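Each of the next two complexes has chain A plus one other chain: chain B in the first, chain C in the second.
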Partner chain A sequence: MKQRAYIVNTGIITAIGNNTPSCLDALLHSRTGIGEAEYLQTYWSKELPVAEVKASNASLAAMTDTNSLWPRTALLSAIAVKEAWQPFADKATGLRVGFFSATTVGGMDLTEQVYKTFKEDSNAADFDKIKNHECGAITELVANHFGISDFVTTISTACSSAANSIMMAAQMIGNGMLDIAIAGGADSLSRFTLNGFNTLMILDKQPCQPFDNNRRGLNLGEGAAYILLMSEKAMQQCGATASCMVSGYANANDAYHQTASSPDGTGNKLAMGNALKVANLQPADIDYINLHGTGTANNDSSEGKAIETLFGSNVPMASSTKAYTGHTLAAAGAVEAVFSVLSIQHGIVYPNLRWQTQMEDVGFMPVTTLQTGLDIRHVLSNSFGFGGNCSSLVFSKC
Partner chain B sequence: MLHLDINTKPAIIQWLRFNKQSVIKGGSPLLSFNEPVDSHAPELIYRGLQYNYAKFFKMDLISKWAWLGAEALLKTENGYLYDGMDKTKIAIVLQTNHGCLDVDKRYSETLATIPSPALFVYTLPNIMLGEICIRHGFKGEQACVVSNGFDVQEMEFWVNDLLNNRGMDACLCGWVDATAGTHDVCLFWVTKQNAQIVFSADAMSVLYNK
Partner chain C sequence: MELYITGTGIVSGAGNTGDDGFLKQEPSYHADKLLCVEPNYTAYIPPMQLRRMSKAVRIGIGASKMAMASAGIEKPDAIAVGTAMGCLADTEVFLGKMIAQDEQMLTPTAFIQSTHNTVSGQIALLAGCYGHNHTYVQRGHSFEHAIINTQLYLTENSNQQMLVGGIDELTDGSLAALQIGGINRKENSTPADVLNGNHTGCIAGEGAAFFTVTNTKPAQRAVCIKDVYAFTEKDVTKAANKIDNYVSAIHIHADAVILGLNGDEKSNAFYQFLQNSVFNQIPQYAFKQLCGEYATASAFALGMFASIIAKNEMLPSHSALNKEATELKNVLLINHYMHYYSCWWLQVV
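Let's turn to the complex of A and B:
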């Protein structure tokens, strides 16, 4: 018998808030985080809007007593981990705690600084700054800061990274290999990702419009989010309560293209269908779909078609929250996991901001006004990434 | 349906080598040219072997070589070596030295004007594995290793581990290296099946140096 992976707490920092309550408040009041870059040093600051956390590295570091010379991804990660973990850290004596953190940017922000100096004068470059370049270094910094050592791992599977870290954590709790897991991901903005996505011509020069017929692309965002998972035994010891649990998960690959989904969303369909199977649910049981909904022509079309294939004419309420937070890459699956938990806890469904025109090749329309007072029992959250990496999670009310 | 015996040691079922003037499969020439074909070698071989996969022409240099190598290695008279196998249990391990430097350079030249998305997506050496997986539908374990030369010892370790301990039934492995004007490609199809050539570092070395 598999153990249940209960969600007992959340931690988050994005462009719309520095913690769970402030992000919820922004969602309730349709406050977007997308705007001009102030802290990211880029040639494109006037042209390419981003969803930036409006704080310097020094003030981010001060929020958790960490080192402002850390990569920004690690600073963001520590803030969200602290929110999720701190209330229980002293109560977990003797329990096996795992840390599952996703990132794609790693320490790239600092490496970019070194690279620029190095090109100008190789002797002037501060190579200390690249020692945390590698993705795993981010996880290690944060794990060490919070003294977590029973199981520590980094997952980097593009935009599905955090969904996969939550999936792995739920599986390890499910199989009795851990009692507690802090699972999610973090990514800061960097010139590398902004320029890379710009090269692919999938960035919107205006605030993005996911699932709109006239969508033009995505806006990059930054942030970190984690959910705190516990087994029943760990909850008893820590005096924790849970409103919901990770009930389903699956990943699949559509092996179609390096940076695009297959037109009919083969991988998307497989991921959603298999996650429902793991949760032992039928499509009709899902109350809300938190869409991957990046706002690119390709994603929204193949995601929409895959949903229609799976749900037929009874597509549940669905919306993308990337119009608030931007696409936070490796953190996205965890940011949206936190939003899914909030949807269940508060009985709400968020409006898909800036939606105007029905898509021609997808029949359903997203939710466009805040829905409240609902009984949300099961939420499906999608994360589809480059390389055909497709993951879906199901969250269910306890 | 292939019968795979868990107690059988991995064996090299087929191998392929691109030489300067020929394509050698299992020791016999598949295609040969009258003179060295280095400048447009991938396209000449593609046409010579009468393949039909339009996406080939969009690929970067190393992906073209890897794709051609896999195609020539795996094709049988009536189908492919993996017919009837579970494609989620087919692995790929490739080594390279220059990786995708050829397309890296070409991409960086476009930065002066409009950065090319078509080139950008190939600026990782492991994309060549993706192209093979997309073509053949392989969904097993994959690894791409950059090394100074074909490290047969390391290859032996990874492939044996995948087939003996990681639930893989077959592995496409080998060395794929190319720069504009040069190429060095040697691929092997390895499964757990009784066959003449037992899979080993020595066997790969002998076939590579033939």
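Let's turn to the complex of A and C:
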């Protein structure tokens, strides 16, 4: 018998807020985080808007009493972990605690500062800026800071990374391998990722318009988010209560192209359909879909078609929140998991910001005004990425 | 945990499983790195695609195809990959150009192939595998976590064949960084330096080792992964005690122990305790003199064992440290990479 993975708390930092209440407030008031880069030093700062957390590394470090010389991804991660974990950290004695993080950028923000010197003379470069380059080093810094050691892992499956870390955490609680899991992901902006996405010509030079017929691409964002999962036993010991749980998950591969989605969203369909199966739900049971909805021509078309195949003419309320937070890459699945939890807790569905024109190849339209007073029982959240990686999660009210 | 290995493919500095002479010869070198001896890929990868692949992708695809071929399957149901560093060469190409060209006039190819999930994505793409697809990047536990993921997946999807592997490539840049970090040795090493040395760091390595795995017992002789105990520990004495306690707790008679001994002064005390105290009566073998030191080297060691069992052979004599095993039923594989440790309980069934 599988144990349930209850969601007892959340932690988040994105361009729209430094914690869960401030992000919720921005969502309720349609405040976007997308604008000109102030902290990311790039040739493209005037041309390519980003959803940046408006704080220096020193201010981020001060929020958790960490080291400002850490990679920015680790600083963001620590802030979101602290919010989710701190209320329960001293109540978990004797329980097995896991930390499941995700990142694609690792310590690249520091590596790119010294790489030129390093290549010319490896001994001349500041090694402190290279030593935490590995993705796993980011997770290790944060795990050590909070004294978590029972199980610590990092997943890197591009834009679906955090969804996969939540999936694995739910499985390990489900199988009784852990009692508590802090699961999500973190990615800071870096010149490497901004330029990489720019070469693919999928960045919008204006604030993005997901699921709009005239969409132009995505805006990169940065942030970190984690959900705190507990077994029933851990909840009792920690005096925790849960509003919802991870009821379904699935990971599939599109096997179509290294960076593009198949036109009919083969992998997307498999991920959504299998997540519903794991949750033992029918499509009609889903009240809200938090779309991957990056704003690229390719993603939104494939995702929309896959949803129509699965849901037919009864597509539930759906919206992308990337017009608020930008695409936070390895954090996206967790940022949107937190938003899904808030949707269930508060009975709300967020408007898909800046939507103007119905897509020609997709029949349903996203929610465009804030919906309140709803009974949201089941939310489906999608995260699709490079390498054909497609993951979907289902969150259900307890 | 009961995971049965049905197929193995290795591309390593010690050779590859496409070669009949793999592991037959005693290693001989005086070098600062052991780069992969790559197979002829024509049987595995179309030439047009091969030209575009970085070494990480090439050795990963090559090893995975060899594993699938030895298991007699064309595509797995699911894939999990462990890689500490990901596709470093393409990362460095894009990073170098980005800096040299001040972020302008860049092309996407290297960026596309730089993501950590490129190998698992490319395997799925080439095989047409729509199943579960995961990539773990937790330093010295990257491969161990891919194995735990395999267990989780097969628990929910019994009777399927999952492909799981560990892969890391070495670049000039990573070698320099790992030497500064004291993980890899700056000076040239011989196999004896790895087995008996007391240096700063170990000879650098790289490699890919892939496995097809199922949770139902196969008809033929196979290696079963009974358990993987993975932990991090900064203190080598405490790490050795943890292994000692674990070995007592699982209560088995080990026929042999395969050690990640690497001649590094930082970890010698750990292995000395195991060799002289915990396992002093048991045949001991080493593997890092074959493949070098890298974060997913435990995949090489597992592959070395699984491939000799599949061929009804014994562990190579040249890798024996004290005496040779006469029987291989229960075998322990103990590895470390920095402060990441793992102890594998393997059983021949």
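Criterion: the second predicted complex is superposed on the first by the 389 of 398 C-alpha atoms of A that agree within 3 Å, B and C clash if a C-alpha of one lies under 4 Å from a C-alpha of the other, contacts with A are read in each partner's own complex, and residues count from 1 in each chain.
Throughout what follows, a contact is a pair of C-beta atoms (placed from the backbone, for glycine too) under 8 Å apart; a residue touches a chain by one contact, two chains touch by 3 or more.
In this text the structure is predicted, and so the values were computed from the model without any measurement.
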Clash or fit (per the criteria above) of chain B with chain C on chain A: clash
Chain B versus chain C as contact partner of A:A158, first or second or both or neither: second
Partner chain in contact with A:T199 - chain B first, chain C second, else both or neither: both
Partner chain in contact with A:H133 - chain B first, chain C second, else both or neither: second
Chain B or chain C, by number of chain A residues touched: C
First (chain B), second (chain C), both or neither touched by A:T104: second
Touched partner set for A:G387, first chain B, second chain C, both or neither: both
Touching partner for A:Q258 - first (chain B), second (chain C), both, neither: both
First (chain B), second (chain C), both or neither touched by A:S45: neither
Residue range of chain C overlapping chain B upon superposition on chain A, of 59-67, 149-157 or 257-265: 59-67
Overlap of chain C and chain B interfaces on chain A (superposed complexes): 195-196, 198-200, 253, 255-259, 387
Residues on chain A engaged by chain C in the complex (per definition of touch): 42-44, 103-104, 106, 108, 111-112, 115-116, 118-119, 122-123, 127, 130-131, 133-137, 139-140, 149, 152-158, 164, 168, 171-172, 175, 191-192, 195-196, 198-200, 250-259, 266-267, 270, 278, 385-389
Complex contacts: residues of chain C adjacent to chain A: 79, 84-86, 91, 94-96, 98-100, 102-104, 106-108, 111-118, 120-122, 124-125, 127-139, 141-142, 145, 149, 152, 155-156, 173, 176-177, 180-181, 231-232
Chain B partner contacts - residues on chain A that touch it in the complex: 195-196, 198-201, 253, 255-259, 387
In the complex, chain B residues that touch chain A: 115-117, 120-122, 127, 130, 133-134, 137-139
